[in-house]
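Several structures are given next for inspection.
The same chain A turns up in both complexes below, where it pairs with chain B and then with chain C.
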Partner chain A sequence: MNGTMNRKLALVLGPVTGVLMFAGVVLIATFLTNREYAQPYRAPAAVVDPTPRVEGVAAEAADAEAKAKATPYAEAEYRQFPVIGSRVAVWAVSQLHLLFAAFVLAVPLFAIIIEIIGYKTGDLRYDRLAHEFTKLLSVSFSLTATFGAFLTFLLIALYPKFTNYLMSVFSPTFLPYVLLFFAEAAFLYTYYYGWGKFHPLVHIGLGIGLNLVGTGIMLIANSWLTFMTSPAGVSDTGALISLYDAVYNFTWMPINIHRIIANVAFGGSVAAAYAAFKFLQAETDEERAHYDWMGYIGNFVAILAFLPLPFAGYWLAKEIYAFSQTLGLTMMGGAFSWLFIIQAVLIGNLFLAANYYLWLGMGRVEGRQPLQKFIKYLLIGIALCFAIWATPRSILATVSEIRAMGGSTHPMLGFLGVMSAKNTAVNILILTTFMSFLLYRRTGKIATVAWAKTGHAAQLTIFAAAAFIVIFLGIYGYFVEATVRIGLSVPQVSSVLIAMVSITIIDVFLFRRAKMTGDVRWGKIPPISQYVLIFIAVTFTWLMGLMGYVRSGLRQHWHVYGVIRDTSPDAFTPTLGFATQVVSVTVLIFFVLIGFVFWITSLHDRPDFVPSAKTVTHPGADVVLGGALGHQPGIARASHFEGRTQ
Partner chain B sequence: MNITVLLALIAVLVALRFMKAHLLLWAGAWWVGIYVLLRFGFRVPIPASVISIYMGIVTLAILAYLSSSDERREEVFGPLVRFMTERRHTPFLAVTVLAIPALAAANVYVQMNVAIEPPFFPRTIHPASPTEITVQDQRISIDSGDNPYRALEQSNPDEFRKHVENGRRVYYQNCFFCHGDNLGGNGMYAHALNPIPTNFADGTTLPSFRETFFFWRVSKGGPGMPEEGAPWDTAMPAWEKMLKEEEMWDVILFLYDFMGQRPRAREEVHQ
Partner chain C sequence: MAVPLIGRIGVLILASTAFYAYVGQLVPQNEVQPPQETVLRTDLTTAEMVTTGRQIMDAKGLCFTCHTIGRSGALRFPDLAGIAGRVSERAPGVTDIEYFAQSLYEPDSFIVPGFNPGMPAINRPPIGLTDQEILCVIAYLQSLGGTPTVTMQTSHKYYTPAGAAPVAPGEAPANGAAPGQKAAPVAPAAAAPAKSAQLKPQAAHLGGAFTS
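Right after this comes the complex of A and B.
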């Protein structure tokens, strides 16, 4: 019944549709014809045109060609990248290059340490772990090189004059750079593919070589970019006077130190994210246990490197301030100051996440966890310090709020917006994170040494003394001149570092032959912990992008600060919103690509492809298939066909 | 601080302690309590933008605490799961589901229903100076220059005091109408200005800068604000048109002297 109805409907609707389509075509044609350009009516010329059209067109073409041939060569200053513009193109590509480069430099640093630990202890788990970290390197190295080449081409194409200038200053550094790059490729691939093929000491030697060469490459590249911010060794007009001074400029060494530490923190976090990714994919308890451990080690490396990072950053900022008050003000008090609030929020989140991961990790240990009761106090400390660090000096306020405050600074919060408060907050944050680590470390253990009580008391005293020194110097900083205040950060940091080292030493001896109240069950941790690891990696990456923008954007309308002015259409400081969008999109692209790296790396562990029986194409296959499917010749033929297309 | 609010909050927390309140109630009480403290606990109100930052941190901290151990996760999420899955709670669940968008709508209403104010003005407090300026045909380096009369403080204190006194005269003849008689940024004309004049008495502004920075701000005023970065705005006149160079340096000496503060010293640049 339905079939008949459908046929009748089709019979009626077919012609109707045809008529409608025809009408539509006529309408469109009429519409287009009405809008077709028509020559306006002109009365016929009274006389014959002295220049016939064909000859006129030919003369014009000849004239244009002659002009084109006579055009003198002029070097372009700038070229425009389509749609997103030159600045954003170079910005995104250089950021991606840097992120991969940071990863490729960082992983060998801690892989070699883990390998050495494995060699010294004879524990094969460490060797396997170091190898697993190294697996991520080879694809990342290719991507680093690809983005490096992309960046070079973009600079030459879009900023030819400026690139030419940089080349003229730094050309003697290019050959060593390229040679080191070749050496890095050689070391990296030998290190990776030679795993287990050489004597362990030879292999460790390769790893050390890889690290040295990689660091050398970074030092050379750092000289180029730091020169742009704090040029030295050139005349007022940019002529090279001393290459040594140009390389060893004001911010070169602070950037070198800052980047080495930051790379390790970043690399550790990305490697931990890889472990988290594998943990969440894992199907067996063994896999979960291994990747939980790997994530823990990666995160441990990241946080260990992260703790001194604020001080390295502080030194860098101090050097920038010392080089130029204007640059310092632009950075900390002017257009870029709000980015430091975003930075504070991100770093605060990192501290919180790192502590949270350690607290979750206490759940790995069997049995009761009495140390959990301290978490609330640590959390209060972290939240307070986080809030102090995130308190802006330039408060966003409505007019009525500003009037109520009696100025742009709040009478109470204004004191939290300056360096004394920030330094104190970050030092206490570091101490608190260290305390969380200690609590995690001693979960499930009871000290059995005779001097246990004294040891605990000594640890607590050192901790309290360090916290007191930090807070006292922080308050004292409000009463002294700025340069003295900056100097106070040294004893603050020193007291924290001394406390961490001395407490750790006591802890090691205190918990020797400790009584275990429960085993550590690797893999028994809530899945949320793995998302925390991924969050830490994303936040690190975002932070690098953001602070990279600050370092570079600080120059504002200068290519080389105070020497080569940026006269391109992009010579303005973008809004903070736009800058954060570019950074965020770049981070997103990086994680898509790092997902690709993870995927490629995970192919290692997949079983080899085994063709199924029905797709086997060897001569006997037909016989086998014919036997099995003897009564279904059609299927047999189809299978045979599929097999041949393999 | 508003002590009444603080005491009321402490009383609530103590009461919860005696009641042996559920963890979820504790978490809610802390969140609301901190919000109330920030919103109403300070005599000089905290701007909404800062409260948002602080409450974000508090929210994260409370969530981290609630979920950082198996016991707490069970204690907090158990009742929530039961509330969402057990049939006897269906009417309350329906009310909750309806209440969420209603609360969002109410929040939008509250946010929109505010007094009309001049548009928000995202001005940073300390704009970046140029590296060098020219004032009355004199080139002055902001980065490497110094107040030429500062050295007299050590070498010739009497002469230094004369400059400070001259600065006092200049200040009270020209600056105090906006910056106030105690340098608090609350002069008689301050209420008409947006942004309001700088408050030198806040304890942190003067010592954060070198004197050359203030010389730039005084001599070039609003018209000399930097082009890049933001739409600068200030009613500060360019005093180079009305005062001598010496008078401008002197008034800066007076600012520091009046507040008993020292300018930021030039940092050692090492190469």
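Right after this comes the complex of A and C.
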């Protein structure tokens, strides 16, 4: 009886609350309306205004209308966003849009690869893993679209003239963009909801379609923003000459490549953070094992994509220089040069954290791990490279210190502040991280092939040769002209890439049919490793925010560099301190929202609502419970609602 | 009392972002203002033009983003110290004014051996110096190893002031400013007094814009 009463109460409570809220709104509105038209109190002795209030208000309204009609139409150039200003509003919203878009583009890229591995090997764990990654997409896609629409409205409202210009140049690209967007929605939802419903090859086809369409969307959007930095295909006054050139401008392709790689690194790190979150929440060893593995794969994807990222960055920088030396030097030697010291701190942290996670992962393998003794040497190498990379060319010092140094450049440390040193440091960092990965990979294994000794020696020789080439060219760079020095980064990068590829190929054959000295126990890793994964995701996100700022801020007081000048109050370039504050706040908002995505996604794994033990069979329960339980025969009906059962 | 998981993760995210924001406060904090439009008096003396030219090169011209004065070693762009004295060896038979004008208006027409092209046309966006501002820059460049002779009425291949006769190809610039001509010798740039007050009232904002 009590149960029935409670259920009736719950049924009534919602509508009653709604009615009460509506009544409250009406009451407040009536109160305010009455106040507006109430005759004000006037002291008896005071002079009373002879004009009745109603006539006065009407006259004012008529005046305002007449004035509005008399004003000729003029297009607004800018409008001001309250409190934070237009620039920060557009900055934050576009950053959030890009972060979610990056995630939505990246996850299908590695989900499809994992799915294909699962299909080829027949290992269902991969299929489950790919499905789990894809679960994160649906809500993220909605948030991406929401922020995209918000950004468009902000641009139209706050920067109408400039937005109108961009639209006039790129209007032919809008229809394909919208069509691709529809196609992406269709592919994404079919891919996600169709998991296990189609033949695997059909499903893989859907995934490939999703990736192609998503990449197409990114390429179109990239043309708009790269045009702003390195405009082409327009006259000096901005008139369109060639849409093809406007799209295929100097920085378009480098940004496309850089973004695809960075998106994968970022997406992998966020997916790993999700796995870490689930690992820390897990209550069973089985769950822990699964999410440990998922976190490992996510982080592996992130780091694998991260390693070639500096090279893509070099190409982008080269194209910026090719477009305009002034722009390039503003970036690397002018207003933004110190930003790259902040970037060095972030990337140094990423390398340290990624290596630390790999070293912790060695503990997953049973037994003593002799390879762990090399960790201290790797750590020393990473710390040294990190320090070199973060050393600025000009030292912040007092006047007397600068006098003592004979200039703002330190007599010794100054040598570490130039590109020769930094290129060397980053290449050695990459090699060291690769070495950490190799050590992790061969933990618990002993090569049994006949040529094992030769294979190890060949790997060591290649590694040493690559390190020697990188360091030699780094030092040589100090003694040659700038034009020669810039070119040295190519053989440095090439030697590192060749070393990584060749050593990996040898490693794969070397450890075929290797003797296992202990099993890999997924889930047996210290919890701190999971916080490291979350830290990596935060650092990646922050790095994306910072680099997004430099890419956009580089234009300084130009909407379209050299073509459309920014004449708004926000035309100045803010301090780096201010920029980092905006980036931090944006990153925090992103993580609040991605937390929401994780929560929504985790609802999928929760058991369906089950009524409490106290049950009654009631024919009317079908209506109340809806689809979850209502039409399943033999299931006891709820007598009352007591929330979730978990 | 154990901190709930969501709290621990929240603290980690907050601390990480706060740390990076803190790192951002440690580097130099420069707010870069867009260059202001300037109006130069037409009766500036050559000495005043030298000072103004230096200010323009420091700020709106962005010249010292790439060029240096008095630095040697592995340079990305030519050092400007003593540049006026090197004109005759780089471009025999060309006046220093014409050489500098060509370097500024058509920088790719002559590349100093050992360097790559890369300088933008200085009269066009994004730098967009006016013809008068370029005359001032030429005055300053003349002062580096030479004697400034240019005036606001000087015409050259790329610019003819209102009322002045255009320069025919190969002809020396108008106003008698050819090298060797003693028409208007002025003191070197270093000796020139600060002249910001000599700018027109409309250009009073030059002071802020040209502070570097």
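Following the convention adopted for this analysis, the second predicted complex is superposed on the first by the 547 of 646 C-alpha atoms of A that agree within 3 Å, B and C clash if a C-alpha of one lies under 4 Å from a C-alpha of the other, contacts with A are read in each partner's own complex, and residues count from 1 in each chain.
The working rule: a residue touches a chain if its C-beta (ideal position, glycine included) is under 8 Å from a C-beta of that chain, and two chains touch if they have at least 3 such contacts.
Predicted, not measured: the structure shown is a model, and the values here were computed from it.
Chemist: Sharing chain A, do chain B and chain C clash or fit in the superposition?
Modeler: Overlaying the two complexes on chain A (C-alpha atoms) leaves chain C and chain B clashing.
Chemist: Between chain B (first) and chain C (second), which, if any, makes contact with A:534: first, second, both or neither?
Modeler: So A:534 only meets chain C here.
Chemist: Which holds for A:324: it touches chain B only (first), chain C only (second), both, or neither?
Modeler: Both partners, chain B and chain C.
Chemist: Just chain B (first), just chain C (second), both, or neither: which does A:548 touch?
Modeler: Neither chain B nor chain C is touched by A:548.
Chemist: Would you check which partner chain A:280 touches, where first means chain B only, second means chain C only, and both and neither mean what they say?
Modeler: In the superposed model, A:280 contacts chain C only, not chain B.
Chemist: In the overlaid three-chain picture, which partner chain does A:580 touch, first (chain B) or second (chain C), both, or neither?
Modeler: Once the two structures are laid over each other on A, A:580 reaches chain C alone.
Chemist: With both complexes overlaid on chain A, does A:474 touch chain B (first), chain C (second), both or neither?
Modeler: After superposition on chain A, A:474 lies in contact with neither partner.
Chemist: Counting residues of chain A touched by each partner, does chain B or chain C come out ahead?
Modeler: B
Chemist: Under the stated touch criterion, which partner chain does A:338 make contact with: chain B (first), chain C (second), both, or neither?
Modeler: Both partners, chain B and chain C.
Chemist: Check whether A:254 is in contact with chain B, with chain C, with both or with neither, and answer first, second, both or neither.
Modeler: In the superposition, A:254 contacts neither chain B nor chain C.
Chemist: Touch check for A:415: first (chain B), second (chain C), both, or neither?
Modeler: So A:415 only meets chain B here.
Chemist: Any idea which of 9-17, 135-143, 153-161 or 171-179 of chain C is the one running into chain B?
Modeler: The one stretch of chain C in steric conflict with chain B is 135-143.
Chemist: Hey, what residues of chain A end up touching chain B and chain C alike?
Modeler: Correct list for chain A: 321, 324-327, 329-330, 333-335, 338, 341, 345, 396, 478, 481-483, 556-557, 562, 572-573.
Chemist: Which positions of chain A touch chain B when the two form their complex?
Modeler: For chain A paired with chain B, touching residues are 232, 245, 250, 318, 321-327, 329-330, 333-335, 337-338, 341, 345, 348-349, 352, 355-356, 359-360, 362-363, 369, 372, 375-376, 379, 382-383, 386-387, 390-415, 417-418, 478, 481-483, 486, 526, 528, 556-557, 562, 572-573.
Chemist: Which residues of chain C touch chain A in the complex?
Modeler: Listed in rising order, the residues are 5-6, 8-9, 12-14, 16-18, 20-21, 23-35, 62, 65-66, 74-77, 114-116, 118-120, 124-127.
Chemist: Name, in rising order, each residue of chain B that touches chain A in their complex.
Modeler: Touching chain A from chain B are residues 42, 44-50, 53-54, 56-58, 60-61, 64-65, 67-71, 73, 115, 117-118, 120-131, 142-143, 184-186, 191, 194-196, 198-199, 202-205, 207-208, 210, 212-213, 226, 228-230, 262-265, 267-271.
Chemist: Once bound in the complex, which stretches of chain A touch chain C?
Modeler: Those residues of chain A that touch chain C are 236, 277, 280-281, 321, 324-327, 329-330, 333-335, 338-339, 341-342, 345-346, 396, 478-483, 485, 531, 534-535, 538-539, 542, 556-558, 561-563, 565-566, 571-577, 579-581, 583-584, 587-588, 591, 595.
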